[in-house]
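Shown below is the structure under consideration.
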Amino acid sequence: GAALAAYCLMLGDDALVLSHRLSQWCSRAPDLEDDIAIANIALDLLGQARLLLARAAAADPAVVPVLAAWSGVSPVPDEDRLAFFREADAFRCTRLVELEHGDFAHLVVRLLLFSSARLAVLQRLAASRDHVLAAIGAKGATEVTYHREYAARWVVTLARGTEESRRRLLGALDELAPWHAEQLEAHPVATALAESGVGVDPAGTADEVADVLAQVLEAAHTPWPDVAPRGGVRGRAGRDGMHTEALSRMLAEMQVVARAHPTGRW
Amino acid sequence: AALEADFEAVIARHERIEPRDWMPEGYRRTLVRQIAQHAHSEIIGMQPEGNWLTRAPSLRRKAVLLAKVQDEAGHGLYLYSACETLGVSRAELTDMLIEGRQKYSSIFNYPTLSYADVGTIGWLVDGAAICNQVPLCRTSYGPYGRAMIRVCKEESFHQRQGYELLMTMMAGTDEQRAMVQESVDRFWWPALMMFGPPDDASPNTARSLAWGIKRNTNDELRQKFVDMSVPQAERLGVTFPDPQLRWNEERGAHDFGQPDWDELTRVISGDGPCNAERIAHRRRAHEDGAWVREAASAYAARQQEHPHDQKEQH
Amino acid sequence: GAALAAYCLMLGDDALVLSHRLSQWCSRAPDLEDDIAIANIALDLLGQARLLLARAAAADPAVVPVLAAWSGVSPVPDEDRLAFFREADAFRCTRLVELEHGDFAHLVVRLLLFSSARLAVLQRLAASRDHVLAAIGAKGATEVTYHREYAARWVVTLARGTEESRRRLLGALDELAPWHAEQLEAHPVATALAESGVGVDPAGTADEVADVLAQVLEAAHTPWPDVAPRGGVRGRAGRDGMHTEALSRMLAEMQVVARAHPTGRW
Amino acid sequence: AALEADFEAVIARHERIEPRDWMPEGYRRTLVRQIAQHAHSEIIGMQPEGNWLTRAPSLRRKAVLLAKVQDEAGHGLYLYSACETLGVSRAELTDMLIEGRQKYSSIFNYPTLSYADVGTIGWLVDGAAICNQVPLCRTSYGPYGRAMIRVCKEESFHQRQGYELLMTMMAGTDEQRAMVQESVDRFWWPALMMFGPPDDASPNTARSLAWGIKRNTNDELRQKFVDMSVPQAERLGVTFPDPQLRWNEERGAHDFGQPDWDELTRVISGDGPCNAERIAHRRRAHEDGAWVREAASAYAARQQEHPHDQKEQH
């Protein structure tokens, strides 16, 4: 159960954290249609996160934080205890999703990198021996296909729009490309679950993801930047709970109300 | 004159005027002003709730709020489209908003100060909006009436969700109950002001009624809202901050105090607690997005010129 | 005791909150000298805040939040319980100090408005019958004199520097001027303490503050903008705990570590 | 040649070279590089600690940290001034920093992930800096040596404060103790790397020693730091993540493992965990401040032209 829970937290935290970053865009998009699209993507990812956190809690109740404020069993749902009562180092998302949001080019580039990698995983997850994960994979793949198309369309548009938009797009690509590889790295938890037919080894999707990105970037007349992948600290990165400075700042805001009222009902 | 007679006949039969029909210039102007103001309210209304989106205390509430704010953007979109049928573009309307030449609902110039405000806005603000809007589903201008039907359906869903949040919080801790009451205290009077000034101080009402744009006076709708809200407050376990509020058996309606109309004047004229911030936020988003919109136009123009190119790129 | 405590919280929270806003500038100033000056001002204000919060706690221990995590007496100092364990609506600062920071023009205009009003109060406070407040007033007046000079020098420089700097300065003045009057408003708590010779009624300093600002703005060749004072909500403003949306966001960050470790030692 | 002999004589007597003295071009270049790198380290070093300034968990700690970060800005200022005596302006140095043409201490390319890091940076990072810098108080270039005297005094104050924070946290909760240990685990190896590559891979050391710019080799200083830190760690109750660390009675010093020198190479060449963010932050601050610096110059220039005007304005 522990490995499955850890695996579900990885996929769940990716969705939760990026959903949060996207929700910070609310009422700030360049056009109403984009405000709607971004909120929609954030909602889809939040939905995926909720299913995955619930699956993690079911697989191993020990991953769910115990709330000291409750003497007995807390009525706070598992998904909320996981989202609002873990410290940054207990999150298992990659560092790509947690970075502070930048301009709209940053949004679409991050979404392209994320959804390309996630789609490849979800499509394979649809064949998981775990029926819950299989359902999440099947449903999620449909959603993320749309996210990827939205991102790809904007990446091409910005790359070939104006000088200014191209400059910004290339800047965002330079800034984000070093964080891409972490999504595709093998991790013992994922590898073990892949072997038992429950999870997906992201390393096995690397070629497919590279092909998808290459196609989009070709349409964008833009090369993949020549940058080294961003290293971790002491050999550890997001999947091991070693994050950037941005995550704990983000959680301070995200968790503040829930933590101020640990015995509250919402 | 024949056109005008046709127009009057349609109005008299309570049927719809459609975009291609002839209409008096005053009717068109009044409609543009009202629909634009309504659209702007949806867009500006995303901010006070958006303020708590990133702090929602449960994932379910976060999803509900995100969906709600998204719906507001959607309402803004239909209403801008309805306005465009009257010959004013969304870009022009946006400029009028951020230059302060068109208004939006005064209620969104109040700050949201706790998560309970999310519930109160759903219950009272959306509640007041529904009272205002349900009659507008029968408004005489077709595109506006049809937009309102869709908007009202979603608004009543939002109102139920807001009320349900408050109900849940009232079943929580003492602090949560105090938070709900404090929030209701803050929003009650501004909600009553949403129906506009009293009838005797609302010079345009008569004409709007005659044209079938409005279907009820401000005071009629305000009364209806009070009568609807009082039993809901009782069920919730909160009070309204109005010592004059009581049931009047004779009228079969509630008597209630008058809001501070000077405050409404100040807020409408730009000096409310958050007017400057709301407009500045909208302006910043609009300006920050300019390069993206320009890129999209430039790219679209280029694709028109070189349609072959377009094929390459999916 | 309750009135004195409330009064000390007003003056203390003003200093605490503006100190925090200034500390957000750390490593972001236009030049090293300004980084040093801003940190120095933030430090002075933090020092004033600590003395005032301690005085508030001594005057009325009931204002200090009780920490549920400690069964007996908490070893967390009063100043920290006041700073880190109050919700936004228990803060008594004016709304001017809590607004999100903008550009450097915003910084110097806010500092000018704040330090002009505060200096007038501190100078009078030096004659308080309360010896602690008198000492805080005397020491603080020296500090704030320097803060005001720093702000005034920059206001004049920006107003008469380049077109761009003048545009930004006028923008900041337009944005902040509506929040100025709240600093000078009579408040029952201050009025009562002024009558007993302990506190200072800010309304009595209004003319002096206006003169000071008029002098600086004259040197800046800049008129005071024609804007209405920003109203409160239900007739209440910062001194009554009715704040802007910015304060609770700021506190989420400021209080996060202290609250995550209510039984911690620092 | 007479000049060169004079220079060599001053060096040989362990006296100071002053700005107006003749010096070999290589000496000047080496000094500029070293002092600039040191100044940049102070400035970039404000960021990892500044990251926790707004979250300091007590007002006392907040004041201590604010004062410390302010001191770092001050150190940057003296060191840039020392560099200016060698004919390079602060503006040029800043450009070299933000364009990545000059380095700063590799340690600041690691993230700060908990409040314990503030203590660990004080204890280990400032501790390592002091080991590096105390000998530099006797460096052969006068302005640099004098700046170092002031810097070292303040650094040891910072180091004591950092250690004291960790001591206090170790007397706190289990979570706090774990936080301290985790922080020390993260910073130990990067702190050892602060002394630079091993002597046999440090080609410039010999010349810097000969010129009296450096007074000790990297490995000498690293050994001194380890010997100093081990008893401090024991007193604190934490361990260092080095299984090879043990007292060697014979050498009268600790044996210890080698840091991952490839990691150091990566971090120095720009691919550490935070290099891009640190430089981007500095660049943004510099660019955001450009209009202010321009305004100050324009105003100063105008005051020079019209000195009468100046009188008006205080």
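Going by the order they are written in, the chains are A, B, C and D; count residues from 1 in each one.
Definition applied: a contact is a pair of C-beta atoms (placed from the backbone, for glycine too) under 8 Å apart; a residue touches a chain by one contact, two chains touch by 3 or more.
Here the structure is a predicted model, which means the values were calculated and not measured.
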Pair with more cross-chain C-beta pairs in contact, given A-B and B-C: A-B
Distance from the mean Cα position of subunit C to that of subunit A, given in whole angstrom: 40
Subunit B and subunit C: spacing of chain centres that average the CA atoms, whole Å: 36
Whole-Å separation of chain centres (CA-atom averages), subunit B against subunit D: 57
Set of subunit C residues in contact with two or more other chains: 252-253, 256
Residues of subunit D engaged with two or more neighbouring chains: 55
Contact graph of the chains (line, ring, star, complete, other): other
Residue numbers on subunit B that touch subunit A, as the complex places them: 43, 46-47, 50, 52-63, 66-67, 69-70, 73-74, 76-77, 80, 90, 115, 165, 168-169, 171-173, 175-176, 281-282, 284-285, 288-299, 302, 312-314
Touch list for subunit D against partner subunit A, complex: 51, 55, 110-114, 182, 185-186, 189, 241, 263, 266, 271-274, 276-277, 280
Touching residues on subunit A, where the partner in the complex is subunit C: 68-69, 87, 249, 252-253, 256, 259-260
Of all residues in subunit A, those that touch subunit B in their complex: 16, 20, 23-24, 26-36, 39-40, 42-43, 46-47, 49-50, 53, 77, 79-80, 83-84, 103-104, 152, 156-158, 160-162, 164-165, 168, 219-220, 253-254, 256-258, 261, 263-266
Subunit C - residues contacting subunit B, complex: 88-89, 175, 178, 228, 230-234, 242-245, 248, 252
